[in-house]
Every structure is written in C-alpha cells, then in structure tokens.
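Chain lettering (A, B, C and D) follows the sequence in which the chains are written, and residue indices restart at 1 in each chain.
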Amino acid sequence: MMHDLIRRTLRGLGEHPYVSVVSTAVITTSLMLVGAWALVTLQIEVILGAWQQDAHVSLWLKQDSTPEARAALVDRVKARPEVTEVTYVTEVEASTWLRAHMPELGPALDDLGETALPASVEVVLGADYATTETASSFAAELQADPSVTSVDHAADWVARAQAFLGLFRTIGIVFGVVVAAAALFLVANTVHLGVYARRDEVEIMRLVGATDSYIIAPFAAEGALQGAAGSVTAMLLLGGISHLLTRQAGEVFAAVMGQAELPFLPGVWLAGLTLLGISVGAVAHAISVYRFLGRVP
Amino acid sequence: MMHDLIRRTLRGLGEHPYVSVVSTAVITTSLMLVGAWALVTLQIEVILGAWQQDAHVSLWLKQDSTPEARAALVDRVKARPEVTEVTYVTEVEASTWLRAHMPELGPALDDLGETALPASVEVVLGADYATTETASSFAAELQADPSVTSVDHAADWVARAQAFLGLFRTIGIVFGVVVAAAALFLVANTVHLGVYARRDEVEIMRLVGATDSYIIAPFAAEGALQGAAGSVTAMLLLGGISHLLTRQAGEVFAAVMGQAELPFLPGVWLAGLTLLGISVGAVAHAISVYRFLGRVP
Amino acid sequence: MIKLYHVGKTYGERDALRDVNVHVERGEFVYITGASGAGKSTFLRMLYGAEAPSTGKLLISGQNVTRLARDRMPFLRRNVGVIHQDFKLLLDRRVGDNVALTLEVIGAPRDQIRRRVPAVLNLVGLKGREDARVAELSGGEQQRVAIARAIVNDPAVLLADEPTGNLDGAMAVEVMEILHAINLRGTTVLVATHDVGLMERFPKRRLRLEGGRVLEARPRTPGPGRFEAGNSA
Amino acid sequence: MIKLYHVGKTYGERDALRDVNVHVERGEFVYITGASGAGKSTFLRMLYGAEAPSTGKLLISGQNVTRLARDRMPFLRRNVGVIHQDFKLLLDRRVGDNVALTLEVIGAPRDQIRRRVPAVLNLVGLKGREDARVAELSGGEQQRVAIARAIVNDPAVLLADEPTGNLDGAMAVEVMEILHAINLRGTTVLVATHDVGLMERFPKRRLRLEGGRVLEARPRTPGPGRFEAGNSA
C-alpha cells in the first residue's frame, strides 16, 4: 500500500516535471517572502528591544536634602519591581560628566565650582516596564518624595521612539498579512493550475474505479514533497542572502545594533516554516484534486 | 483585423475564465507586493528626509569676542553654499532656552545669572550636505575661526541615524529585489501554466494554418488586459490599505512625521506600475505561447 | 443483471433517450445500434454512472445506479469494464501503465499485474509495445489499449462503445472474437457499433436506438435480425 | 501535385515507412489502406508537415515540404484540408467556431464566414447544431465537425484519416459522396480507410501499406482493385 503510494507519487513527479518544478518554485518563492518578512521583523524587534532597554528615569535631588534621605530614597527605588538598575550620582560626579560631555560649557561651569549641577538618582527601568505609561506613573510617584526636586523621564523621547517603532510594527504586521495572504493565494492557484493541466488523469482514474482518496493520496504526497523541497530551498536562499548582507554591511549592523552578526531565524521558526511548506503543499493539492473530483461523475 | 483580434481576445478570456482570473489575481498580488514595497520605501524616504534636514551645527562663541567679529562670522557662514539657515543666539537667549528645556537645572542656573551659557551661531545644513563628512569638514574649518571656542555638530547622532537609515535602505533594496524577482517569476510561471492548460488550442490553430503571430496576438492582448486589470486592482487595494492604516494610526504618523496623511504613491509611480503590469502580462503570454509553438511542427 | 425502467435522458431541449425499458440478463451479449447521435453512448454512459438518467430507474445487479452514493460508485465501476468511444487513455503514460491502472485501483498484487498486463496486450495484438507511450501509437493501436484496459480484470459487465471503429476488418474480427470469448466465460457484454458486417458475422440480440426509443431485434434464426418496436422483457 | 521519392520514416527502432515512391496527380482520388499500425496516418502527417520524413524527399505543388521554412508552413496548410483521425477539435468551443477557424485564419471576411459555416454544417448533417459545444456532441457528430472544418475553405488537397470510423453506414456513404463531389470540383483527395465496403462502392486508386512499403492497385475495371508490389508512376 505504502510502497504503491510512493511509486505513484514519484511517477506523478516524473511525468510532469514542469508542473512539479513550477509548484515547488512557487512554494519556495512564497516561503522566501514570508521568511524574509519574518527575518526583517526579527531584526526590528531586536533593535526595538535594544532601544527599550535604554529607557531610564532621572530623579534630581534637592541641594539641601540629607545624605540619609538620599540613601533612603535609593533603597526605596531599588525595592521597586520595575527597576533594574539604580545609580546615585553626586553633584561632583554630575559636573564632571557635564564638563566631559559638553566641553563648550567649560568656561561657564568653571565659574560655578564643583557643584554646578544637582545630584541625581539615575534609574533604568526593566524592558517590560519601559512604556511611557509606566515611566510616567513611576515618575509621578517619586516626584512626591521630599528629597526630589524634579523627575526627568524623557517622556517625549520615549513616546516618539515608541510611536515610531509602533508605526514600524503596524506596517510590518500589515505587510506580513499581505505577504502571507499573497503567498497562500499564489501557492493555492499555482497548484490548482497544475492539477488543472492534469485533470484528465483525475477523470480517468475515477472512470476505472479508483476511490477519491486513492486519487488524492499521491497528489497530496507530491505536494508534501514539493513543500519540503520548497521550504528547504527557501531557507537556504534566505540564509545565503542574510549571510551576504551581514558580510557587506557588517559595520552598519555593528553601529546600529552593537553586533556585527545579523541573527538568522531561530530553529523553531525554521522548523515551523518547513512544516508550513509541507502542509500547505499537501493541503493545496488535496483541495484542488477534490474540487476537480466534484465535477467528475 | 483589429476587430478580429478584439473578438478573439475576448473569446479567449471568456472561455477560460478560471485561468484568466488566476493570471489576473497573480498579477494583482505581485504588483501589490511590489507596490507595498514601494510605498514602505517611500515612507521611509520621507522620514529620512525629515531627519536629514534636522542635521545642524552649533558654533560656540568665545565670551570675549567682539560683536563685529561675531557679525562677520555670521556673514561668512551665511555665504557658504552648504548652509540653508543661520541663527545667532546670544548668551541671554541661550540661558533662557536652557532654563525652559531643563527646568531641573533652574536652581543651579539661577546662581549664574543671565549669561550662564556662551553665545552661539546655530547653522542648519542643506539636506544635500547633511552627511557626516560634510558636517565634519565644515566644523573643522570653522573651528579655526578666532571667535569660535568649539564646534558641536552632533556627529555621533548623525552617524548613528544615517547608519540606521542606511541599514533600512539596504534591507529595503534587498527585499525589493527579492520581491520584484519573485513577482516576475510568479507571473511568468502562472501564465505559462495557464497557456499549458490551453496548449491544444495553440496546436490546433497551427494545424489549420495560422501563423505564429496570429496565434500569439490574442494571448498577448489577453495578457495586457489581465495586466491592466491586475495593476488597477492592486493600486486600489493598496490605496485602501494605506487609507485604513492612516485612519487607524493617524496620530502615530503625526508624531513621527509631522503629518497625519500617509502620502500615497505619486502619479508617475502609479502610471509606471500600470505600464509594468500591462507589459509583463503581454510579454509573459507571448513568450509562453512562443515556447509551446516551438514544440508544434 | 441490467434493468432500465422508463429511462429518459434530456440535454436541455434535446431528448437523447425516451422511455427506455430494457432488461439484459447475466451473461447476455447485446448490440446497441442506431445512427450517429441516436444515443448509444448516452445509454452506455448511464450504465457506468457517468451520466444520470433524467427520468426513470436503472438497476445493475439489483443496485439502483441513480441512487448510488458517490463513494460507492468506484466499486460499481470495478465490476464494469468500459471501452470508451474516445478511448480515455493517459496519453503521456506507457501502454503497460494504462492497462495496469484497472488492476492497481483494486489493489491487485504487483506480480499479478506483471503477469496479466503482457498477456492481455498480447491478446489484442500489442505484444512488446508495453513500454511505448500511448501518444505515440496509431489510432487502432490506442483503441486496442483501451480494449485491453477494459478486460484486464475480468469484469462482470463489459461495455464497448464502437470498439472496432479504428480497426481494419481482420483486426475487428479478432476483437469481436475476444469479446465473444469473454462473454462465453460469463461476462455480460454490451457493444455499441455501426458495423453491420460484424453484427451479421456474430449474430446476437440487437437493440436499435431510433428517435430516442429502443427497437428490439432477437436473432432467433441466424442472419440479419428483425426489428420490433416496443419494450423487451 | 504530390510526389514522394524514396521516403522513409523511422521512430526509434521502428520503421513506419520504407522507401515509399508515390505520385498523386492533381485532381486524383486515392485510398490509403493497410492494417492498424501500417503507417497510414504517418503517411498523411508527412503531407501536411506534422512529421518530417527520416529519409527521402517530398514535394507538394513543387514545394519541398521537408525544406519548408517554419514560417511558410501555415501557407501550405491553408491549401491542405485535414480530417484528423482524432479530430483535433477545440472541445470547449462551439461547433460553428471550430469550423470557422479555417476561414478566420486566412482572414476571410466575416459575412463570408457567416454564410459558409452553416452551409457546410448542413452538408454534413449538423444543421442547427452550430451553437452546441463540441464536447457535448456524440462521436460521429464530432467527426462530422472535423470534416466540415477541413472542407469549408475548398482546399486544393484534402487529407482524410478514417473519416467514417465513427459513422453508421448511411452516414458514411453520405460523407463519401461529399468527398467525391469535392474531388469532382478539382480537389486532390487522399482517404485513409479500413472500410472495404466503401472502397468497393466508390472504386478508386488504392495505395496499400504493408510492412512500411506501398502496394499499388488501380481500379482499371470496376470491382475490387488488384494489388501490385512496387512503385507507382
């Protein structure tokens, strides 16, 4: 039974090499589109993650607050679940930092002495909490502390960056849905045209007394093979392109993402794409043949 | 002759509605992929443009430089071709600005008086010159001016932003090439499968004494019609998606790009895509039929 | 074996068959004759379920073909060998594969297929052509492949639609002898044909279709049958 | 009109035709006979350029068909009407469209097509079937559509491959009478057939193919022709 199915499947592939090659190539192309989308999305998510981790809050301290009050504040901040990192910056450290980063202010700062800037507590929020809302409510709460003059959480920048990234995500999702729908549509139709070209086979099989499942089985198996071949080819091609891109644009990635290696799709995704290719190939063939069978008495 | 061709073309479309619909749909899908890519690229270019125009250079002035020397510097800077905008900011204006933007520095600045910050000349470089290199050499040159303490041109930020945008452009181009190649490939193969399903027609026409061009003409015309229908549908769908996206995410666009309307593809591009659809449809059909004719004696 | 009660078949406005009442016994050999377009193929197509009658009832081995569930149809067809007027061969496949199809479909063991296929091809005069592609065969050779495919699994009923239309006289006689031999082994055989010469050479019961109705002729004496209008028993 | 010099045709190992030397004069009526697989269709296919001879030379109206440039082939075929053994009809199109094809291809004016097509369909007994899809026709009806398509533009040469294989006796005689009438108007007609009865009824020159060679019989006296081995003049 199994042996017979394998033989019939291979015969089908061999007899219509052109149709098989086109179907496989269309599956490859479609999966490449989906895979390329996944890859780009993944890169953007990595960049997003890097940016989000940057979100931090500065608590500027009153010049007359006591060291005890400051220490208590630092402890209280440390205890909060949102917080991953807390640094206490003294007045002296702040001035030194400002002097180093804005040398053009040098002459002006010289006149102020060592304590030109107020001391601050620099807080980094965990990526999970780095939204505008969390940062704002966190800031509002600590604003109430008696040692704090003002809280600076770069709300504007966070909002802007997140809006921007949100836009990219939205475009990405819309594009992904379009690509996925297009891919499915293309595969379904190519397969259907291929089966259409072989419709006499379906009709004749039924005339000599083959059951529907007997007729469908080798087509579905053929589709599964095409899907497997298509997804493996797609991933090899994607891997190749990704590798070339990394080689050509390594420094750019390094500058943007702090790493020269463009991460490739993780194993689970690769397995998922292969499975997708196989099932789409098999199901599309089965449905197409089934539809032709509906027209044959 | 023309009338005959139109009749034969319409008959071909009517007789194989399934094949025609699939070919048209594949052309639609392919052009949508290309169009969506063009649209995303266009948006990114708009954002790029906005960011690039932001590139500017600050010339910090010595506290002891004379008003004449400062005026001369402003004139000299204004005369440079790279420069689109020059603003002279006095010590007082600078302090006011700093006070307004960093209120937490308030107490510290109070001690400094009105002239806490040095005066500066703020220069905006034209978009064409807003590269890191131009900005750097411009800065280096003006650094030499006797009235200037230091020059700040945000080289890091510009480099980072440009690297990031360059990355997006590279990914965009690679993605575009993949999408375009995939689209062409898909259309060619779908059309070929469609013609394959009608190969007896080609054979029989030739047997009754039709010339190759007589056989090819209605197929090519059919392809052109499918291409026209496909490109118009693609652009309507793209326009629809784009419109929906704008409605759903208007504020986001407003935040990121300073305008709520997502600009659609310009007329030239739309005309180009239509022309592309028509010619790909016609040429793909002509080539496919020509290939089948090669096998018919 | 085969029973038609008041069977009619209409295509749009055209009546292909009208109130046909025919009984064919197990093991009978029946000719279906009539002019081109008389409804011979339509008659046979209804018997293997390729066409449903517009009116009336149709039984084969007691099964109502009209009411047969779609997934039971294959099992009917495995017992009914059909030689189609237009052959219905897979032109891209080899001769052997086409003939083997009937056996593969019923799950016959490989070695039985390897034994039966060359034997039956030999019978129809296509010895050694097993590996030729059907598209490369002459018209008469294709017709013989169609015959081989229909008889290879010893069906209970054999429906032959113009089985000798593309064959020369000697070959036609050979084929008729094969059909005759199959009939002698117990298979019910229905042959649609125009060939008066052959019907005279192998005199059998004849059903003549005319104006959508059946005229019956029984060869009680050898020689050309006599046609009577009306129903058969 | 038609001249074959030492023409041979080999398919792989098989010799379909061997050293065939045949001359057919303008206006002649010739039967091609021979057993199934003898090479009748191959012979005709070479005449309309669907198959190239493996050896030898083939002239039609002085044109060397073997050497004909690909883009001249259509113009040869417009003068050669062919009734193919497997009909080669566009099954999805209407009967009228199939017949009109021959006229459309030569750019005949629309009103001429509208006049000729029904007339020729009437001639082959398909009056009023112009709008039926070919797939819906019976075997014999399809064959007659093929005949109509081949004769609709009054070709100089008519090649008919088993034109009566699917027709009943009366209809076959009618078709032969049509071919005969066309021949009387000056068309050179070659008919491949098995039907001995028809050849006896319309006695004409016969070319009998056997073992790839041509045996010639000229009906000098009415009645069955006598075959002689060897070349014809």
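Heads up, the rule we're going with is that contacts are C-beta pairs under 8 Å (C-beta built on N, C-alpha and C of every residue); 3 or more make two chains touch, one makes a residue touch a chain.
Keep in mind the model is a prediction, meaning the values are calculated, not measured.
Fewest steps needed to get from chain A to chain D, stepping only to touching chains, is 2. For chain B, the chain with the farthest CA centroid is C.
The distance from the centre of chain B to the centre of chain C, each centre being the mean of the chain's C-alpha atoms, comes to 68 Å. A separation of 63 Å divides the Cα centre of chain B from that of chain D. Chain B has its Cα centroid 22 Å from the Cα centroid of chain A.
Shared contact sites, meaning residues of chain B that touch two or more other chains, are absent. Contacts between chains close into a ring here, every chain touching precisely two others.
Chain pairs that touch one another: A-B, A-C, B-D, C-D. Only residues 18-19, 22, 25-26, 29, 32-33, 36, 40, 43, 58, 60, 63, 103-105, 107-108, 111-112, 116-118, 149-150, 152, 159-160, 163-164, 166-167, 170-171, 174-175, 178-179, 182, 185-186, 189-190, 192-194, 196-197, 241, 245, 248-249, 251-253, 255-256 of chain A touch chain B when the two sit together in their complex.
Chain A contributes residues 1, 4, 8, 11, 15-16, 200-201, 203-212, 214, 297 to its touches with chain C in the complex. Within the complex formed with chain C, the residues of chain D that make contact are 11, 33-37, 40-42, 85-86, 125, 136-141, 143-144, 161-162, 165-172, 194, 196-197. Of all the residues in chain D, the ones that touch chain B in their complex are 48-52, 70-71, 73-78, 82, 84, 88-90, 92-93, 97, 101-102, 104-107, 149.
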